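Order of writing sets the chain letters: A, B, C, D and E. Residues in each chain are counted from 1.
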């Protein structure tokens, strides 16, 4: 049984349908990447999974449980966590409080402390800025904060929406390393949406290609990397 | 000098009265950014419930402290229930609507509640029993400060302290602040946004009810329209102090009360509200986010 | 289309029962008990609770049905890929064949209204038109430029008092006072706007509210200037080329005058909205910082909106004074501002036709609800809430004007 | 420029000549966006000067001017976190850009005289031209918020161009774009440069930066740590240490 | 055809308690006459219209009544609303009798020949209050407060003039308080500081009771003299023990007058409650009006006016008619004092 499964999911904003019968599976321990042009509907898929944009039709199953009718907070409770596009830092809360909120549903103070140290170690700048309001961080710092906040939840499945956006090359590489690392060390399953398709495909096990709200291709990451059409369309070769 | 002290204390009392209402106001405002015109009506409902409870209970010849406690409990319970229901009926369906729509809904709610109480009870002023006991020890200072003034001042200080601690340190408090800033993201970290907003209304309404009882007992009379002016004043005070800030609400209220008192004392009470509002304009010109509001430049 | 499939389950009924119990609890102290604190007596009114229980039970069942119906409809529409979430009134209005006949019919009725109806009806229609004008004026400030003004009534008062006082002291007539009142109100708008327009959102709201109160308090307290709370009486009605008009005549005259002014307002507001300056207002409402970066002078643009809005309030004030022939500060309370704001929001911020509909609705409704006596305001409050709950975006949502033909490619134009 | 004790910008200086593309790079939080904000008048620098010399004009100081005045002087920008007018149509967004180059006032709007009508027509035509230049012409009547991310970025550029600038400031224009789209952006920027526009670019996409820039400034902690041609900068050990990281090929395997 | 009588005033909202007693008085009087066969066989029909005490609504009310063919009106209740409505009535030749509009200009300005009232005007009441305060209470320094309202301030203005005219007394303080405020201690401190030995208050009882309560709590015992708006039993209930000794003017006590007594009994019988504010004035207005209609044999306005001006009619306030300005002849004003929780007439 896959950890996450989407069956024929359709979604719309108002009267514009953006997802058409999306089906995909994510097995436990996998890193899956979702690539596609701007506006293909990648973020919308993540929002559907998290329950922010409820799908109009189709089913979403997490750990075998139907979640397409649940509100976001209950989905999060099941161990699914998203780093949304645009970061969504709580601007008036300090960096530390932002991180605490990531662990909102957790009740193990010791574990939370450890994880806090862990993310501070990953991103020392956050430690430096821990008493500063999140809204005043630079774009890249905010991205680091958003990822760290999600890590604080210790999710079973992590949804990452363009985590490298706005990050310096050095940090981007760091982020991908971290993705691999948490996947390895914590066995966190990851669904990754990324524009830097080559890096994403190198990191992921499998990938899906999305075009105009439809999945047009699904394969092992290596195969996709080698696919010429993909190279032309998404890798800028 | 004595006159100054007298005016100072009357200003303080007035300010503390405003603060009792402004605290709940600023909480609700802080979380959904809604100028909740119905908050004043919740205060009125609280005061009325206290009166009704006190009248019913006084049939049983209870001692004053028991009467006070039970009326307070009734006021808090029902005011919270009304706050919760209003949120449920008039504001929750409007999440995601344009910013001004809930404002209109709030105005409608406020009109509705006034007239509901008017029809169910009476449009006239009715006497409110002195539920706050007179302290004999204060008798010599009666010219300056009365028992109810003191009780109001102390309650305000206590409530402010508890509320600040609650907001700053409890899980619910943090969830409230997070919800206030980014509702989608709050949901994405596992906060039940609807429940947190409802909780905020319940807490805010409970505070309004406490205020309702204390103030009505101090003033000695209520009718179904007292909420309106109270709401406006609380709103002013909350903005003055920096909306969403708990100590700000109290500070704003005290400044408002003192201004009015000194304006009356040294100039004329004809223009006390003019002074109050002018001060508001002046302060906002120099501190556009209120006294304790955050003025940091927006990050772009 | 088949009727959507709605049915009530036991669960729904149970929920309705709980709701009704909740409301019984809620209303218990107010409806079941009636106190007479003076005599320390209590009157128990148990039957009231039964009414509450039954009414809320039925209402929540109805609400449940309505929800199901709506959901069913939504569902089907996505299947057929039909537009969702559109508002029937709006759809009707934008349908090509409907708009013109509707407009023609409305204008025909408007033209012959005084001939068909009694003086009284004409009189309240004048009031309604007055509020249309106020609503359209405030619409510039709130609906278009997005500045929340809770003290709009101050400018209305400025207009009314300019006419009353100018007439009292200098014998200035209506037609001279009309532009003067408008001008004075605009001046006040600028005066207020200068210091406060850099405030954001609700901070602006409270300051404007305060300003409205200040104006009213000054009018109330400064007897030598404004005659205080007892007001100014015997303000002349507008003259008609020096003719003496009967009561009926002058009301009819005022009606047509008002109709003309409303048309003028609609014309002006419409042109403003679709102009360079109107675009700047819209943009300002969307994002101030981006606006500045695009070279829009924030302060000046806001001031223009503020002053223009005030101008209309000033004019409406002059007419108000001329219509009632008596004014006192009590006519310019916050509630008045609130009602005008309701008109704007209910109309669907920024939509002219919406504002007109809302003004007619909100002004005529209480007038015709008058037989309900004390239940009138209760009903009014309920209507406001219900309207917002069912039409959160207002009666008619404004549509952005489009400048190109949809689907046409323009890439062949010179780059 | 300081924020409550944090010095975000520290004695930083930079020159940009006409028709040049200069890139500004540096680690996250280095103060690049802050520099833009100072340039465009959103923040007021604590010390220092900003000078603009239009071709054939005299040098003018920009410090102390309001943001809209700076735009009028010929500086236009895009934002790192997109700031469009979401509920206005694409075309209108661009027309707003033309606001400071048009004149019609309230009276013009009401009476709509021939001058106003002409101006309005020209505004629309010019906006449409800009849209086709940025490849958005088909979307002219969409509300801006319905656009996909990449298109929104291009719309921001179109809107900035509409203010008829001498200098265009781009804050991470390629963020959130896939490589293919980035290539298109590359072309667009080149084209703009060829038309004589000077461009100051903040970007983390090194491929784009290296291929476009005539000159690169590198900053860290608000200070300049290096400058030079792309090749020089790429080799600079300090830049590698602070920003680029050890060379490792980004290209697909 | 019925004779239509308009009854206009505030019948809903917070001011309803001032307007509804008038409706009841009119109903009682009209009911009596109709029971006796009406006027010349024509029944009286009451057209009751709410003006919410707002001038702008009052004009609508007036036009509506005129549209319905009304020739005589009992009302309006508030001075402002009355002033707004009067020009409309004047033009239509409608006669208006108000039970409660006290503004002096209504009669003294001469602008409204069609207007009559059965209540004393502000200047008369102010005169009485000031005279009483100076002569009977022997006050030397007087503080005058008002509630900034139409009624309260109008009265206070006159009181101020009269106090200033009198060389022997000093105006210690003249100030408006904000109605609805939660606390008046600052004003009270100010009175104390002014050294006043009596307070005259123009306004209604809610504010009066707050001010008196705070004065007494702050151990200020100087006399508090107020007006008809305070001469209300609610005032005593709310101010409780602090109400003791407060003076207020009001219409003369009608409980001894047979007509007044009968009217009040009829009210109790019919509505099961005690009559409210201005009931006696309204009853008087209704009696005077119907008497004029009977004597004039219809609603012809000149004839009705003549009767009103010349012929005495028996009312709860005794036999009276109206003077040329529209005020009643004869004394209708008395001074009361709170003694043991009740208003007792002292003059």
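Keep this in mind: contacts are C-beta pairs under 8 Å (C-beta built on N, C-alpha and C of every residue); 3 or more make two chains touch, one makes a residue touch a chain.
For clarity, every value in this text was computed on a predicted model and none was experimentally measured.
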| item | value |
| --- | --- |
| Reaching chain E from chain A through chains that touch each other, fewest steps | 2 |
| Lowest number of touching-chain links that must be crossed from chain C to chain D | 1 |
| Set of chains whose contacts include both chain C and chain A | B, D |
| Chain separated most widely from chain C, comparing mean CA positions | A |
| Most central chain, judged by mean C-alpha position against the global CA mean | C |
| Reference chain B; chain at largest CA-centroid distance | D |
| Centre-of-Cα separation between chain D and chain B, whole angstrom | 48 |
| Euclidean distance of C-alpha centroids - chain B vs chain E, Å | 37 |
| Where chain A and chain B are represented by their mean Cα positions, the distance between them in whole Å | 43 |
| Chain D-chain E separation of Cα centroids, rounded to whole Å | 73 |
| Residues of chain B touching at least two other chains | 118, 126-127, 270, 273, 296, 300 |
| Per-residue multi-chain contacts in chain D, two or more chains | 3, 33, 42, 79-81, 83 |
| For chain A, residues contacting two or more additional chains | 136-137 |
| Interfacial residue positions of chain C with respect to chain B in the complex | 22-23, 25-27, 29-31, 33-35, 37-38, 40, 42, 142, 148, 195-196, 198-200, 202-203, 205-207, 209-211, 213-214, 217-218, 221, 289, 334, 338, 341-342, 345-346, 349, 374-375, 377-378, 380-385, 387-389, 392-394 |
| Residues of chain E defined as touching chain C within the complex | 11-13, 16, 49-50, 54-56, 59-60, 63-64, 66-68, 79-80, 83-84, 87-88, 91-92, 103, 105, 111, 148-150, 153-154, 157, 176, 234, 237 |
| Residues of chain B touching chain A in the complex | 171, 174-175, 177-178, 180-182, 184-194, 294, 296, 299 |
| Chain B residues touching chain E - in the complex, by the definition given at the top | 3, 6-7, 9-11, 13-14, 17-18, 118, 123-127, 142-143, 146, 215, 218-221, 223-226, 228-230, 260-262, 264-265, 268-270, 272-273 |
| Chain A residues touching chain D - in the complex, by the definition given at the top | 13, 16, 35, 37-40, 85-86, 125, 132, 136-141, 143-144, 162, 165-173, 195-199, 201-202, 225, 231-237 |
